[in-house]
């Protein structure tokens, strides 16, 4: 099976493969067998350019994000990975001089157009950040945050939903007696899962993860990767990672970014075992400086 | 990982009630209202500043002529005259205050930043300095009255200077400390590594690196106390005469000394048009000096304060 | 402040030669002397305050021993009538301060929001400079402006408007026995105080809001929150202790402000104001207005006693402010 060779190639980074190889292989083979073009796209990026002031950071990006699949976005640092996904929920707009042009089609509309309801967009496209970012409130209130904001519900429903979200984030057992404690009192890995719970509680369609494991330890990372595998049944996930092993472990499709261009997109197995572009090959074999 | 992941398919798990989305209209309206409120508040704040400045210019400009700066105030009820003595008095009182407080505050700040650092004493001193900055200036006036004026049996410009110096001291010390803390440690280390003694490193390298901030801080601290009135009420008091020499009843150490703020205060309450006009003229001089120096410091040291 | 232009030009003079040589004169004496001078100056800041406290207590001893704590519960200040009381002034101080804070704190918060979230840095700098200039205007100018502009406005426009409507029947707005037309009043003084403390609270609030981690705010927006929701549900919780500290700083200033209040509050020393439109007095303005009227030793001692009380009150708020600001620095990990 291709999987083994891939993980051997990848092991040179010196990192431990946490997920059992069988699972990795299973995840990937599904992608290999299916026809990418026939899958439903949740987000279609066409001709996306991005500017930091006068400096262009993304050049004509085209990318299809497929429903209920995990798409990994990889590439050397500074290549525009995060910039790219930050256009999906227009979070980049918080900063002046940041400008995106082109099309990011989601739900039949270009989210970059001026008529987009940002509040609704961000309800439907949730985001997990590099550093765990629990709000300064209790564990319960953290998870209830989006629910209270976006939905009408009574207390019982709220409690049910919070519990459900925490269970689906594999955090319930650890925090069920700590719901009243501040979210920042949890460990780093727990905080990140809390953020995931907070995000999925309000039932988004898409979950964007911007290097979600870069600030937490390997064991916690393994738990989150496991979680991603479980979540894709219900959500479409886009994960930015600088860790190629992680991309190989969790994703179905991979997009390789280089200096603002999308160099190659394809099933993860193919990208890692048989890249079509020289730059991709150089990067995944570590020949990249 | 437990069961849930496999047990629910499609949006919303089976046992949970369907979600009823809330409309965003109200939330957006509240947000918009707050934005408008913020703009109104900021505009109002700045508008008040301009209103005050405008009022002072409008009413004070007519009083300003050469005589305003060179002459004594007129006898009550008469025309002409100026606030020459008060302007001179304020300059002298403020200058002496700065002469006392700036070096002390400066070295005090050096001690906090370079020697005391996070020690117990320094933490205490820092706390006291912060608290000190909040002592009402009238209390300082009362204190100097009790400590200096009362035992010596007379008001004096010098007592006013001490009161102002008291107010400046913690401001200067904390400003110096804050600015020195911004100087990177490598600069100190490289100086010390070259074998230079500590005092040379601090005064030479560190202070030089931070000098524009220190100058800004010193000037602003001085300007601030120059506009103070309350500390002078029972210390320098006021005088209709010119400051004459050091000692003697009209000297700096010997007797009440005319100053701008107290004179403005006294004259503004008098029911004579000329006195009120002079008071507004005095106010204009104060506001031009204070705002002018603030703006000037900003222009010279562009990044004076990162607003 | 970040006025730093680091220049690492080699120093004129020593290190080069002095470096290798064994410690010479200035090295042996220079450092200890420098250290001691710095220490003395540093300690002088603390000594100054303890001296102040000591002198105030010593000089008010006559009044303290004669009047004791009943000073605080006696209403009227009327030395000629034999009544030495601080209660009217304490009440007036509390009322003007509360009016000022109720107006200034919300305004300062939204302006801080504007400066940190809503406008580009360049615009924020212009607005910030304007607000900061407000802080630079000496209090006597506020007093004069209030006297000539605000007092007539309050008396001719605002007070009649309120008195003629149902508002004039409300407890704190119904004119009391001392009512003089509403121009010189607690409300007028409180309004000017609000303008005066606004810049301070704005500056501190803005600084603490800037310490809220960027990722936390992004996460808030990422959850589909509006700017206002991010501010009051997330940032304010983070910045709460800092905002509380800032409020105490502003409170301390409002409590001790003298000149502007002395001009505007009306100088009625005999009773506790029943209405915001009544004239009153505050501790600071009473001291300013009555000091030169004091004739006997007891009069002066009692006024210094007032000063001591004001000092004690502002101390409490300043210390509280410092404690909260420290807590803010700890929780956000930043330096304020």
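A few points about this structure:
Each chain gets a letter, A, B and C, in the order it is written, and its residues are counted from 1.
Basically, contacts are C-beta pairs under 8 Å (C-beta built on N, C-alpha and C of every residue); 3 or more make two chains touch, one makes a residue touch a chain.
Not measured: the values here are computed from a predicted model.
Listing every chain that touches chain A and chain C alike gives B.
The chain with its C-alpha centre at the largest distance from the centre of chain B is A. Averaging Cα coordinates per chain places chain A and chain C 49 Å apart. Between the Cα centres of chain B and chain C there is a gap of 12 Å.
Averaged C-alpha coordinates give centres for chain A and chain B that are 51 Å from one another. For chain C, the set of residues touching two or more other chains reads 226, 229.
In chain B, 27-28 are the positions where the chain touches two or more neighbouring chains simultaneously.
Annotation for chain A: residues touching 2 or more other chains are 119-120, 149-150. For chain B in complex with chain A, the residues that touch the partner chain are 1-2, 4-6, 8-13, 15-17, 19-22, 24, 27-28.
The residues of chain C lying in touch with chain A in their complex are 120-121, 213, 215-226, 229, 233-234, 237-238. Residues of chain A that touch chain B in their complex: 117, 119-120, 149-153, 157, 160-161, 164, 167-168, 170, 173, 203, 226-227, 230-231, 233-234.
Those residues of chain B whose C-beta lies close enough to touch chain C in the complex are 27-28, 30-31, 34-35, 37-39, 41-42, 44-46, 48-49, 51-53, 55-56, 59, 103-112, 114-116, 121-122, 124-125, 127-132, 134-140, 142-143, 145-147, 150, 166, 169-170, 173, 175, 178-179, 182-184, 187, 190-191, 194-200, 202-205, 208-210, 212-213, 216-217, 223-224, 227-230, 233-234, 261, 264-265, 268, 279-280, 283, 286-287, 290-291, 294-295, 298, 301, 303-307. Residues 1-8, 11, 14-16, 18-20, 23, 26-27, 30-31, 33-35, 37-46, 48-49, 51-52, 55-56, 58-59, 107, 110-111, 113-115, 118, 124-125, 127-134, 136-145, 147-149, 195, 198-199, 202, 226-229, 231, 249, 252-253, 255-259, 263, 284, 287-288, 291-292, 303-304, 307, 310-311, 314-315, 317-319, 321-322 of chain C are the ones touching chain B in the complex.
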